Structure formats: structure tokens, C-alpha cells
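Taking it in order: structure first as C-alpha cells, then the write-up.
Labels for the chains are A, B, C and D, by order of writing; each one numbers its residues from 1.
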Amino acid sequence: MNTSGPVALQLEQVRKSFGPVVALRSGSLTVHSGSIHALVGENGAGKSTLVKIIAGLYQRDGGEFLLHGKSVDFSSTAASKDAGIAVIYQEPTLFPDLSVTENLFMGRQPLGAGRRIDRKAMHAEARSLFKRLGVNLDPRRLAEGLSIADQQIIEIAKAISLDASVLIMDEPTAALSGVEVDRLFAVARSLRDEGRALVFISHRFEEVFALCDMVTVMRDGEYISTDPIAETTSAQIVAKMVGREVSDLFPKTPASIGAPVLQVSNLERAGVFHDVSFEVRSGEIVALAGLVGAGRSEIARAVFGVDPYDSGTVVLGGTKVPARNPRAAIRLGMGFVPEDRRQQGLVVDASVAHNVAAVIRGKLAKLGLITRAAENRAAGPWSGRLEVKTNALSMNAATMSGGNQQKVVIAKWLATDPKLLIIDEPTRGIDVGTKSEVHRLISELAGQGMAILMISSELPEVLGMADRVLVVNEGRITADIDRADATPESVMTAATNAGASA
Amino acid sequence: MTDTLVAPSRKSSAQRFVSTLLTSRESAIALVLVLVVLAATTQRKTFLFSSDSWRDLLLAPSILLLLAVGQAVVIITRNVDLSVGSTLALTAYLTGRLFVDNPGIPVILVFAIGIAVGALLGLINGLLVALGKVPALVITLGTLYIYRGVVLEWAGSNRINASDMPSGFLSLGTRSFLTIPVLTIIAVAVLVAVGYYLRTTRGGRELYAIGSDPDAAHLYGLNVRRRVAGAFVLCGALAGLAGVLFAARYGTVASNAGTGIELQAVGAAVIGGVAIFGGSGSVWGAAIGAWLLITINRALPIIGVQDFWQQAVVGVLIIGAIVLDRLLAVRRSRKLIEARDAS
Amino acid sequence: GGGSDSDGGGSGSDGKSVSVTFLPKNLGNPYFDTSDKGGKAAVKEFGGKFAEVGPQEASPDAQVPFINTAAQQGVNALVVSANDPKAIGDALDEAREAGTKVVTFDSDVEPQFRDLFINQASAEGIAKVQVKMIAEQIGDKGQVAILSAAANATNQNTWIDLMKKDLAANHPDIEVVDTVYGNDDDQTSFDKTSALLQKYPNLKGIISPTTVGVAAAARYVSDSDFKGKVKVTGLGTPNQMREYVKNGTVDAFALWNPEDLGYLAAFAAKALVDGDITGKEGDKFTAGKLGDYTVGKDATVLLGDPFEFNKDNIGDFDF
Amino acid sequence: MTITTDPATTATRTYASYAKPLWQRVIATREFAVIALLLIVFFYSRSEVPAFDGPLTVYYLLLDLAPILLIALPMTLIIITGEIDLSVASTVGLSSVLVGDLHQHGWSIPSAAIAAIVVGILCGAFNGFLVAYVGLPSLAVTIGTLALYRGLAVGILGTTAVTDFPEKWTDLAKERIGDSSYPVIIIPFLVLAIFFVLLLHFTSFGRGVFDIGLNDEAAHFSGVNVARTKFLLFVMAGAVSAFAGVYFTLRFGSARGDNATGMELRVIAAVLLGGVSIFGGRGALHGVIAGVLLIGVISSALRLEDVTDNIINIIIGLLLVISVMSTSFLSVVTRATTGIKKRGGSRPDERQQLASAHTEGKNE
């Protein structure tokens, strides 16, 4: 590996908590100029939080933060930008109403005579940036409606064009195809060779090993280790990430698989997914695997009815589920734990009781009237069953940790006694302990004859939990793999190259 | 995902200019305006071809135009300012009082004071909105009452009469320069300046960015608070200027001047294609929208519609405008999806 | 604002200090400022309590709460210029039940709702003088239009009807082409004038029997091409009309003296409160410097004939 | 299936229902603050303002406030869903004009009133359709219909007015209950108030209204029919406004196109003053009713002091600004203490404390 320069970025035992949620216990990271540093860890390990602290978006509660040896304290993202730090955030943040070019140069547009923006120069620069990244986007196009991938590319271009001394990329490749990833890597390497310091966050080990010089592992908001890539293996890294052997993470109890509960045929939605057909049987856990942006959530959402679809049919327990009508789906016995807990799963500003009773409250009503007391009576036992950690049912869901919030969402749906439970990213951003609890719960439910449709971006989770793996690639199901022959390789190939057959 | 969804446009800048000109919302509204004028003129040709009515055609909209421009800037940042009507009343009455209390005060100074006071009132709105993190609708609803109350209390039942103000100042309201009324020239000059600022300066573009996605703007490191406050100051200043011109044009200022004009200003902006949720639209559109509102008001009686139906027509225009926007947006996103599938 | 030199009274009619509240059609109207000034002077003269309250815009529903308040305060007398002959009737009745004497001036309500009406000038007199003026100014022939206040302002409509009759009868060559309403709002009246001149290119004259309207019309005409071509006349106050009379836009206009009107109304109110008069025909009372008045039929008192202002005499007045 | 059928048996943990004792949940709320302020102002006026303690005060107070009280009910629900309806006052005007016009054409008052209310429902449905189903921003839509409905009202009657309503009906509008000082109009108000309180605070529909305001996406995901809920609320607003219009007409015995102009702002001011968050998701009807009464009491007390509406407007405006600033000030404090800071936007910050206030401090 190449000889890396002086320390560019150094964090020591940085702490950050959001109310009761401790996102970061002691985050440490030391990055040298002229090197690419990998930061890995499970969902919710605290990577993004660390990034946001470096970016000046969050202020750390404690710990050291040195930039080029000097202790710094950024009050805003503008401050970190000025200090030469460029960040690609996990979620693309663009201005939909503005052109791609304006998104790139907002606030630092090239100025011509009389401090007036020089659009020609701006567009030219944008074009050259895109050339360097090897994409051809129309610089004049509005950002609105760009695919996740293209949004991500613009974020990358934005960060590169800042020509910063420290470049941080939080899962930039999550939505990118192989070609794009290769180009990105080429650019990253050239930046490294110019002597810049890069931080690269990804859940894909092959990328980490292909690109990075050093790797730092985080778990539960804590620093675990830093090693040169050359001297470690993915097995070691995984072990450090989860703190135990992968196998015992997923206590899947074998369940007797019964009759089909959900039958989806030829589901189609222009621009999102195409000709999707599959079925889920009682007691069966079916996983939808694939890259972020593949369209898995959209499929699930369409099945449940919160999203529309153009054609195709969804049948639950023998009856056809009307399109675009979640109420009907719920009545027929469907439950849906969405991927974005804070936005879709919960009303975070309402009480635990309110959330747990949210779907069944219709049934709680006497003479059409319901009381807070009735909600509490119904909510208590379910919260207890899932061991939700809160001191009172009137507490705001917002005050709970990600894991507990997830439990509340699951409790909410279990309360409806569903035949089929769809769970999108069941363990995204929840700590290791809760994680295995959730897994145990899922397989327990399957064991009791519930049909489970699970979406997950985490391969170990998919392989550990699923009886069957359906791989989604660009909105098409490209493979239907049985538990027996589901391997990381088989799933990944199907997920990446569309060539694979269903 | 495929590595590209949209090919760069091969259009020359000239082509692009023409196509935007043809497809832009501004020109659509302008077309409607022309049609209205034509319709009225065919009914009675004096609507256009008599020096007075030509003057009124240009003069009548100029005050609302100023308010609409200011309003547009605020709306672009995903806010709204309902207090402009009260601000106008305050500065209009202030103008009168200045002349009454200090005879011989230079007109230019009166303009400066009027604009400054307007800006100050705007600043109050801006600070409350930006620092208090309270939605503009509520704050400016409150200041609408407060500012109006202040002027009502201050003016009481005495009003400024034409005779209280120097004829030199009053004639501003009616004098023309090369058949273009002075008021109109002032309004258009302001329009051009603001339009230029929004289009070609960093500050201007940041206003659009903030309106387009405030969270992203914050994440990006833009100084959201300062910009938003600035937008309110500009809006207030223009309302102040409008107040001074109001005094010049109508010669008489009572405490109820400009009551309810704030909704007209918002309406003009919306008709002109300024999205109520910020991020898009232009002051040009807002200006034409204002012009259209006023001209329709004047044209209806001539076309033979009793002029008190005017408000209903305005309502239809506003709703038509936003529905139209929605349809266009839907069509655009459908196109984009097709583009994605095609690739 | 509404001069609050009254503590709100509350003490019923105790001869000593009579509390009188003036309620004009709306505040911010110089005509009523003047009449209320007269009223205030009168009340001071007989040592009563004066208050002036009123709505911002001249609509009956806006006037009602003020009448209610007067009733609550138990003021001795309420002097009203009605925005509607009937709509405020019930409120007035309630006030009278509460022991408040109701005097209307300038614009009347239906007789059963009030104790007394102070008539600024007989409708006939007003109509006649305006017709006379416009006839002289436009050479007794051509198109004229009328710019009125609110379309349901009683007095305005009576005058307009009488004027039309008079014109039809005695001035056949004068044609009334249109009647528009400025709602006693300066800006509206101004814009309505411009619309009128649009609509009737060869209009000869505009009659506006309301002070706000005539001033607005005069101002529009005075700096348009129509100056001199279109004559403006009607009922106006000297202060508002002075410059247009000077610059020749207006030859002459008419009005009674609103100050006297308010003054008379206040004294009439006192007479009612003190029980000197009851409002029946023939009752007599003395109104300070204005001298003696007699109540006419259906409880009206006539101030006198309208007065014609022109550039020779306008200098003598300041209201 | 132990988990799904009978959680109780397997429940390993039990919970207290509330984090705070009842009295705290009742006292420490915006609503209670408004009610307290109302009582203070009321009793102060009784002792200090001449003639305020007179028998007529409460009577006139309620007569004047009735339309605002009525319209504030549905408006509260609409604002809690995060929408707004600026067209209510125009609907009042339109219904007033219809009653007048139809009466002129020989309709009986009741039939004219029913027709007017039907039209009001249509007005509301038009708003609701554009907002809920076409998905347009309610602010823009109702600014449009504000002009449209007002325009129709003014257009139908022009600047003329209808005033010759039969005594029997105009008197009914001002009728007292027995010889109390309460006008009969408060009976329909109380009926509607009870209806809306139950609807908002004690039904699944009402829970949905709050969910939509707090997070409409999550509401959608848990089966709340967001569009239909919003649509119905706008329809209710239309109907109630039209009814208020009928009352307004009879109470003043005059149907004019410009009746109740600008009342929408007074209604909204009162609702916000009553502690409803303009962001939606938080508020309670008892607070709103107190808010309306507070404005009414202040106005009538000041009017008795011969203070003109100007001062009254200034005070209302200040109250409004201060009341909303106070919430956001509190939110700044809570943020400082809890440190919860979501990206940029004021909403999340606002939400944090709004919601905690809302979930803890709802009438039980």
C-alpha cells in the first residue's frame, strides 16, 4: 500500500446522543492525507452520526476533534466547508426546483463582471465534472425526479468540485451500478494521489477491500479497531462489527410451511418495478434482497396498497386485495412495517399508546367513541410482550431509541393479528441486542404460522432468516433462491447483473 | 441502475431561449393579458386609444405590481407576507403626515423615509419568522392586525387630503414621461432590479434554494435565517414604496388604505406562476399577474360584465393557475419516468 | 380615534350631565368629522358628556355593535347617521328600551326606530340645487352621470330619484347615462370616475351627491384631458373642493353646513333627554347659537336650505 | 398463537399509563393558560369596566361572537390536519346573499336557509376536492375560493342589500333563552361544539386527524384515509360557515355581498390563540373556544371604554404573535435540553415540544 502522509483528520472518543438515544458513545477515527480510510459498522453503529459531526451539522457532546492537528469546533456545515471538508451524505439532499448545475455550485457560483453569476462558465465546469465522472447528465436539467443513483452522482460531483483536503463519502455507492462504482473509484484514487484524505463508508466489503488503505470498525457507537486493509480479512471485520459469530445472530427456528397466503402476479409500475410475481406461504419467511434503489420497498408498498400500481393482482388468503387501499389490505390481514421508521412507521410525536393502538383503535371504540384509557388498556400488553423500554405509555415515541421505536411499530401490527406481515429493513439502525430480539421474534411469528415478507439490505440477515430469497434488480425479480442454495455470491450476482435468470 | 437517465440537451442557447419563451408561464399569462385588452378594446376602442385610458392601463397596476413583486420574493422562500396591506397604509399615511408636518420637505427624502419604514416593518416580520421559527402565515397575520391597528389609531378619523401635499409630489401620480406614467416607470425599474437580483446573483439563487428545500439548504450550509429575513425586508421596503406612491396617486389617504390588498398580491404572484410552496416562479410572472388582475378589473364593465363580478373572475384565475401548474407537473414527472424506463 | 372624553356614563338620565354619543356612518370621513365637531361643541356648550365612536367601513352590521355598546353604557342619547334604514332598526329599538334617546341625522332610518330625525336639507332642496348647478355648468344639455355613495344609502337614493324626475321634467336635453357607486371610499370613487369617463367618451358632467365622491371625481378630472370638458358638481366640503374650484375643474358645488347639522342634532338630543320635546309635530326647542327650531311631521327637524359654494365665496369657509 | 391472540398472558412487563400526574396534565397546557387568561380578563372587566357587569354584556357578546365560535369548530380540525381554509368568511357572505336573494324571490326563510347551507356544503366540497384529491396546497386553493365565493356573493346582489326580513325570523336570531342573558344561537353552537369535541377527541376519526397533522405519511401507512378525512373536514367547514351566514343575515337583518368580510382572519387568529399549532397535529377545542371568548371579552370591554376597534386589533395581533412565539420559545428550550435536532427545518423542533404538550395535555 502507498505511503500515506500526515494526519489530516483525527477524532478521539467523540460522544453524541439525541435525547435518550445514544448515537455515538466513543467514536474515534484517524485519517492520513493521501489515503482512503474505510469506516464500517452495522446499521446504526454511528457512522453517519460521526460524519455529521465532522461536517458541523451536529455538535459533539464530548471528545476531541482535530483537523490538520488543530482542534476545531464547527458551528455549521458552512464552517466545515470553509475548512476544506467535503461531505457526501447518506441521503442525497438536492434542491428539486433548481437545475443540476445550480445544485452543484449553489452559494459558490463562478462570478463574472459586476458579481453577476457566469452561467456559461458554470455549465462548462459542470460538464467537465460529469466528463471526469464519466456520466452524461444534462447540466441544465432540473434535479427533480432524478433517480437515487443520479442524485448520488450529483452529490459526488458536488463534493469533488469543492476540491477539499478531506473528502467523506457516506455510502456513496449504495445505489450505484458497477460501472459507476468503478469510475467513482478511479476518481477517488486520483484524489488520494493528489494527497487528499478520503473517508469511505460502505456495507459492501468487496468495495472496501478494492479501494481502501485502512479500515476502522465501529459497533454500537463505539470505536472497535483500525487496521491496514492488507492485514485483515472480511471475516475478521464482520466478527468485529457484530461482536460475535454471525451464525448465532439469527436464531431461526424451523417452521412448518403451509398453504400460500399472499399471491402477487405480474405487478407492474412504470419507472419503478416490472412484471413482479411471487407468493408467500404461511409459516414462510421470504426475503426480498437487492441493492438499495432496486425497488424492493416500492414493490412491498404497492402490495400493501400505499403506493399505486399500473397492472397486476395481489391476492391475500384467497381474496383479491384492492389496489391503493391500505385499509382493505389491513382488513384482509396484512401488516406492514415500513423501512423509514421515523417517517412512515410511527407518529413519533404521539404517545406509545397512541402508536400501538393506531391501527386497531377502530375496534376499541364503544358506540364509536374511544378514550385514552381504552388505548392504554390495549397498548400495555403488546408493549410488554415486546419489552418496549419506556417508563410510561404516554411517553413520546420520539424520545425512544431506534430499536424501541421499531418494537412499537411491530407491536402496532401484531395487535392487528395479521396473516401476512411485511417487514422492510427490520433492523435498520437498531442495536445488536435488539436486532437479534427482532430476528427471534420474526422467526417465532413464522413458527406460529404467520407469513413473513422481509426486505433487507443486509446479506447476513437475508441468508440467516429467509426460507426463500427473491432477488430484485432494477425493479425486476431476477432470482428465486431456496434457503439451501442461498449464498452471498448467488444473491450478489443476481442483485448486480440483470442477466441472471429468475 | 443505468449510468444515465437524460442526455445533455444539444439545443443552442438561442433555441433554448425561444422554447422557454414559448413554454414559460410568464408568456402564457402575458397572452391572457393581451387578449383581455384586445377584447375590451374591440368593445370600446377608447380602452386603449385615448391618452387617459392608455395612461390608466399602465398606471393602475403599478402599485399592486410593487406589492406582488415583494410578495413573490417572500413566497419563493416558502413563506408569505400578509402584512403588506397594512404596511402600505402606514407608509401612505406617514407620507401625508411628513408633508403636513414639515412643509417643504424634499420629495426624495419622503420616498427614502417611506421605504425605510416599510423595510423596518418587514424586518420585524423577518426576524419573528426566522428566529422564532414560527410560520410566516401566523406572524404576518398578527402583524397585519398590529400595523393596521397602529395606522388606524395614529390617523384616527383625520385623513390626508390632496391639498395637504405639494402638487409636485401629487403630479408624480399622474405625470407621464414619453406617454409612460412616472409611477409605472418606477414600478418597472424596481421589477427589473429585483428580477435581475433573483436571476443573476448568488443571494437571489439562494432564495430559490431555500424555498425549494429548507432542510437541504441548512444541510448545505446556506444562511437560511439571514436570507429569509432579507426577503421580508425587501418585501416590506417595496410595500413602503408602494405606500408613498399610493399617496401620490390617490392624493387622499385614509387609515383604511389598501385593506385586503395583501390577498390580491398573493393572488397575483400565484397567477403569475410563483409556487405557493416556494422554490419556483419569477417576479416577472408575479408582475404580469398583478397587471392582469387590475386590467381585468377595468375591462369587465366595458366587456359588459358588471364590475362586481371581477372578484369572482380573479378567484377563477387563481384556481385555474394552480390547477394548471399541477397538470404540467404531473405531465413532467410522467415524461421523466418514461425516460427512466426507456434507458 | 373616537374621542373618548366620556367615562362611558352608565348613570341614566340625571338632568345635570347629559351623555351624548355620536355614531357616524364610518370614521375617517371628513364630512362626519365636521358634523361631530359641531356636536361636540354643542355638548360642551350645555355641559354634557360627548363621545364619538364608529366602524371603519360604512356597513350596517359594523354599526350595530356600537349601538349595542351605547345601550349597555346607558348613554342618554345616541346620534346616528344610518348605514341602512332598516338593518340597524332592531338594535336602535333595544337601545331605546334601555332608555337611550335616538336621534338620526344626515341619513335616516324608518321613523318607528328613532325619536327624531335632523334633516340637513329637504330632499327636494338638495335635488333642485344640484340639478340647477349642473344645468348651468353644461349649458342645459348633454350626457351626465351620477357618482353616488353606497347603493343602499337612503338619502342618496331619494335625492337621485328626485334629481332624475326634475331633469326629465325641466331639462329634457340632459340625459342621465349611468349611476355608479363609490361606497364613500376615496379610491373606489376615483377609479369609478375613471371608468365612467372610459365608458362615456362624450360625457358632459358628473353629479356626486357625496363629499367623498365629488372630491375624488374632481381630482381625477382635474389632471385628465377631460379637465374643463367634463363638469363636476355635487355635495362637497370647501376644504376638499377648494383647489378644484381654484383650478377651474369645479364651477360650483353645494352643501349645508355639516357643523351646524351636528350642533343641531346634539341640542335636539338634549331637548329629548330633558323631556322638553317628545318628537311630536309642533314641539319647539332652542339650539344654542342656531336659534329656535320646530319639529315637523314624522318627527323631523329641518336644518335649512343647502348653500352654494363658488370661487367668490369659498374663501369664507373652513371645514 | 400466543403472541397474536392473547398478549396479556405472555406479557412480561407492565406500564404506568401516564408519566405525569393528572393535575400536571391538565394545568400545564396551552389550553389551560388560555382559559385562565380568559377568566382573569373577564372578572377584571366585571369589576373595573363600567357597565360590563350589566345584563346586556354577555348577551351581546355571544350574539357578536356566535359566527366566529361556530366557524372556529371545523377550522380547528382543519388546522390540526395541517391545512387551512381562508374561504370561510366568503362562504358566510355567499350564504347570506343567497338567503337574501331567495327571500326576495319569495322563498320562505327556512327553505332559503337550507338552500344556502347546501351551497355552503358545495363550496366546502370544492375546496376539499382540490386539496384532498387533486393535492393542491390549501393556502393557495382557499385564497382562490376566498375571492371566488366573495365574488359570487357580491356579484349576485351587487352593492344593494336585502333588509326586509320577516320580524319573526330576525327576532329569533336575537331571541334569549327564557329570560336569561343567553341568546338562543348558543344552543346550536353547543350542539355543534359537543359534536366536534366528540369527533376530534373521542373518535378514531379524530385520532386520524391528529395523525395526519403530525405525520400524514405515517397516518397513510397505518390505514388512515387521509384524503377522505381532509375532504370531509372542508365540507363541514363549508356547511357550518353557511349556517353562520344564515345567522349573520338574520341577526343584522341585512344580506349584503360584503357581509363578514375579513372574518376568516379573526377565526384563524382565535383558533391559533386557542393553542392550535399551525403546523398541525396539536390543539384542543376547549382551548379554541376559550380563545374566541377571550378575543370577544377583550373587544367588548374595550368598546365599553369607548376604545375603538383599532386598539382592539392591535391587542388581538399582539396576543396572536406572543402566543405562537411562546410555543416556539418553549421548543427552543426543550431542544436545548434534549438536544434533539433534526436537519434544519423548524417543523421537527416545533413538533418535539408541541407533541409532548399535546399528548400529555389533552382533556381527559
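The criterion applied here is as follows: a residue touches a chain if its C-beta (ideal position, glycine included) is under 8 Å from a C-beta of that chain, and two chains touch if they have at least 3 such contacts.
Composition by chain, UniProt nomenclature: A = D-xylose ABC transporter ATP-binding protein; B = Autoinducer 2 import system permease protein LsrC; D = Autoinducer 2 import system permease protein LsrD.
The shown structure was predicted, so the numbers you read here are calculated from the model rather than taken from an experiment.
Across the two interfaces under comparison, C-D and A-B, the one joined by more C-beta contacts turns out to be A-B.
Computed from the mean C-alpha positions, the centre of chain A lies at a distance of 41 Å from the centre of chain D. Per-chain Cα centroids separate chain A from chain B by 44 Å. For the pair chain A and chain C, the distance between C-alpha centroids works out to 76 Å.
Looking at chain B, one finds that residues 152-153, 215-219, 255, 259 touch two or more other chains.
Shared contact sites, meaning residues of chain D that touch two or more other chains, fall at 158-159, 308-311, 343. Contact with two or more other chains is made by residues 57, 93 of chain A. Contact annotation for chain pairs lists A-B, A-D, B-C, B-D, C-D, with touch applied as defined.
Note for the complex: chain C touches chain B at residues 1-2, 27-30, 32-33, 52, 54, 56-57, 185-187, 190-191, 194-195, 197-199, 201, 215-216, 219, 223-226, 239-240, 242-243.
On the side of chain C, the complex with chain D involves touching residues 1-2, 4, 6-10, 27, 51, 53-57, 59-61, 64-66, 68-69, 71-74, 84-87, 89-90, 98, 150-152, 181, 183. Considering their complex, residues 1-5, 7-8, 10-20, 198, 202-204, 207, 210-211, 214-215, 217-223, 225, 281, 338-341, 343, 351-352, 354-356, 358-360, 362, 364 of chain D touch chain A. Partner chain C is touched in their complex by these residues of chain B: 44, 46-47, 50-53, 56, 60, 152-153, 155-159, 161-163, 171, 174, 250-252, 254-257, 259, 298, 301-302, 307. Interface of chain A with chain B (complex): residues 56-57, 76-81, 89, 93-98, 102, 106-109, 111, 115-117, 127, 134-141, 144-150, 175-177, 179-180, 270-272, 293, 474.
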